[in-house]
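The same chain A turns up in both complexes below, where it pairs with chain B and then with chain C.
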Partner chain A sequence: MKIKSNIATSGNGFIFNPATGDSFSGNAIASEILAAMNRGETDEHIKADILDKYDVRPDQLEQDWEDWLVQLRAANLLEA
Partner chain B sequence: MSAPPKLLTIGVTGLNAHDNPGPGVAVIRSLREFYRDGLRIVGLAYESLEPGIYMGDMVDVAYQVPYPSTGSAALLERLAEINGQEQLDVIIPNFDSELFNFIKISAQMAKMGIKTCLPTHAQLAARDKINLGDFGTRYHFKVPAFYMLNSVHDIDTAAEGLNYPLVIKGKFYEAQIVNNRETAQKAFYDLSAKWGLPVIAQQYISGTEINVAGLGDGKGNAVSVVPMRKLYITDKGKAWAGITIEDNDLIALGRQFAAASQWKGGFELEIMKDANGDLYVLEVNPRFPAWVYLTVAAGQNQPAALVQLALGNEVKPFKNYQAGKMFIRYSWDEVVDIGSFQQFSAFGRMANTNNNKGQA
Partner chain C sequence: MQKLKYERPFIKKLNAGVMNKFATGNQSNPVTEIDGVPVKKLITEHGSPLFVLSEKKIRRNYRAALRAFDTRYPKVQFAWSYKTNYLNAVCNVFHQEGSWGEVVSGFEYQKAIKNGVPGNQIIFNGPGKKPEELLLAVQNDSLIHIDHFNELYTLIAICAGLSQKPRVAIRVNMDTGTYPLWDRFGFNYENGEAWSAIGKIIASGKLQLVGLHCHIGTFILNVSAYEKATTKMCDLAMRCKTDLNNPIQYLDMGGGFPSTNTLKGAYLPGIDTVPSIDDFAEAITTTILNFGFKQTELPLLILESGRLLIDDAGYLLGTVIANKRLSDGRRALVMDFGVNTLFTSFWYDHQVSPAQEFNPHLEPMTLYGPLCMNIDTIRENVNLPLLNAGDQVVVHKVGAYNMTQWMQFITYRPGVVMIAETGRVELIRSPETLEYVEAMENQVQYSK
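Right, the complex of A and B next:
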């Protein structure tokens, strides 16, 4: 999934949607994932990277990933 | 634009700054940012307690002017007196209710050397709340359905056509959201007593509240259009905090308004964006909004551009502004000596100087 091109993110997990004026605060892992999405990395690549770096089961990661996308979609941050 | 070397003297109204503030102080702040030391501000106030009068870093001298209800002849007479003292170059009126008179005497003001950048009476009337439906139809803007209320009995007809909740609006200012007949009647009596008839019952549209500040050159061009999303809204529906946003549909709407109406001067579109992304024009204000300084912060100094238009200079439309610029309003206790208040109250004039800010 791709983040909308005009979405501004900062290194500390702050997200700003200039089209709506909405802003969000994310934690460190959110910031890391957003940065990877902004670089255009694929979902699979990002998830593989998380499995490498963090102590998380693949099924748990899949579940959390789905939640993450639901939140991004609800916040109108994903490309259609 | 580049600042001219000559000292400009500009008269500005709308110096009140309560919870429904006038735009005057924000307009002056914008002008000061552009003209720096090449500016003399003459504040024009209706009441002794308008705080802008006593803000020495904003207003050089303030004069009392007659209320709009006293008519254009009284206003012209007073402006002639003031002009004799101050040699005004430009006047920027900032209240809806005073615009009719200022437009009416604009030719006489021009003869006195005072320039303005104002819409025509026809343009002013076309965007009036009571004509907004026709305006929307004619120029293809989405506007909420509404009914005129000339008596309290008209509320039932409006409620039948629009259903509750309704937005009950005063002829000039203020609006209340009501959920039943009783609160609608109370709002009707409140607003008709304050602003006269008709009162307006408007369809309630839920969504995101966005305002657009703009400047039209009178030839169909929007010199500037800056949209702002309200982040904090007071009980009077005013933005106490807001942020500039990047939305091409809103920019297009602002430009469409300027083109369709041939608007000359500052304007503000009050817009509701519903869940489908449709933009409803709730109101068109015929002057700059109180948050106009945000346009300066975002890169488009609308009040300074208006002065350039008033002076007859060519002003190229702004192209860019910065999205994500926020304003967060606050109130401030301006402390002044009673002598200043007495001076303005008794003589209708009060000069602020560098050494005795707020003194006579």
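Right, the complex of A and C next:
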């Protein structure tokens, strides 16, 4: 999944969509994932990095990833 | 290398609306123990969901309420409202503290007797007393609060063959400026029905009119309503003495005092808006003291408070079964307790706290129960940390009406423990089992 190219993110979890004027705040891991998505990394690569770095089971991450994409879609941050 | 602590990713839209000028405390701080007993230990030993009652808090509430009244008025008696919570362990704490029993059915009456409450310290209220229950109350010299004319004439008929004259009061309903008017119970003050009932009681020669009773509503937030009610009750009492030469021994002002729960639809939390028991006590006692009774003829003041004395002494512990997203992106949690267990979630926005430490990120979410029914919503919108399946929560101020109005519906009713003042945890009601639920069913002989 790719986030829209015009979405601005900051290192401390602030997200701004200049097309709609909506702004969001996220937790640390959300910022990290958004930064990776901004760099064009694939979902699988991002998830593998998270599993390496964080104490989380793969099935839990898979479940949370689904939830993450729902949030991005609801916030209108994903490319169509 | 040790891995970092994981938290599921989330984003929250920032709204640039008008800020709420009323600051409220963060209600999502974790509550990891109750009266010094870890929540995790309670759930491990007694399962989830689980009701927890604090004996220390019950006694503290009772003493505070009694103090509010007896420091302002010389003759005060509390009667524990059985319907609020009639678990014997709870009733007996109140009886130990000196409370009489206030019951509204034959079933509750039997419970009070079984709990050792002397018959003459049981107040029998309610519109549905059966003749045999009335007879028992007469024989036990209980205080019978007559609700309607049918009951009055039934009681007179019961007493026809008895030498005993039962001690009775009438329940009076009245306009106190609150809505709705609770005129379905008792005799109306304004239209003269109450005075007429009093006249019939005296004229019968079979009953002793010793008191007057009212209960103007429930969760009353308006102190002045009690002032109006007390004035009208005092007026009736004074007329009983002057016009009928029948002095009234007690005024029972009922209950209806609110706890600090937040009513659904309220803008501010209950903790910020609910008057204190001292406010109610001041209104009631000042009105009686200023009404003109001689010092030696002041009636005993009886109070039947329930909710105020037990609500914040009760907690419901529960566990997250699942978390999910609704179609519009909102977060929802499925809990292991529903409206069948937490009946008062129909009335209140109960405060819910996580039972373990979380980071400070909050997410707005809906809390659903486990019932396969669309009505099973515990909180429509609450800010909570990022809870996962298996995480535990504490629901606050659930001591009143839940352990009596809960329903055996779809799931079993959970166990109830009481944390004694010593810190000992007592299982005061076991969780239900299939055998318990089916115990009253009978085998059917089918034709096929």
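Convention: the second predicted complex is superposed on the first by the 80 of 80 C-alpha atoms of A that agree within 3 Å, B and C clash if a C-alpha of one lies under 4 Å from a C-alpha of the other, contacts with A are read in each partner's own complex, and residues count from 1 in each chain.
The criterion applied here is as follows: contacts are C-beta pairs under 8 Å (C-beta built on N, C-alpha and C of every residue); 3 or more make two chains touch, one makes a residue touch a chain.
Quick caveat, the model's predicted, so the values are computed rather than measured.
Between chain B and chain C, C contacts the larger number of chain A residues. When the shared chain is aligned, chain C comes close enough to touch A:75, but chain B does not. By the touch criterion defined above, A:18 reaches chain B but does not reach chain C. In the superposition on the C-alpha atoms of chain A, no part of chain A is touched by chain B in one complex and by chain C in the other. Taken together, the chain A residues at the contact with chain B in this complex read 6, 8, 16, 18-21. Listed in rising order, the residues of chain C touching chain A in the complex are 3-14, 323, 325, 328-329, 359, 361, 386, 388. Contact residues on chain B toward chain A in their complex (touch as defined above): 208, 229, 231, 242-247, 323-324. Interface residues of chain A facing chain C in the complex, by the touch rule stated above, are 15, 22-30, 33, 50, 53-56, 60, 64, 67-68, 70-75.
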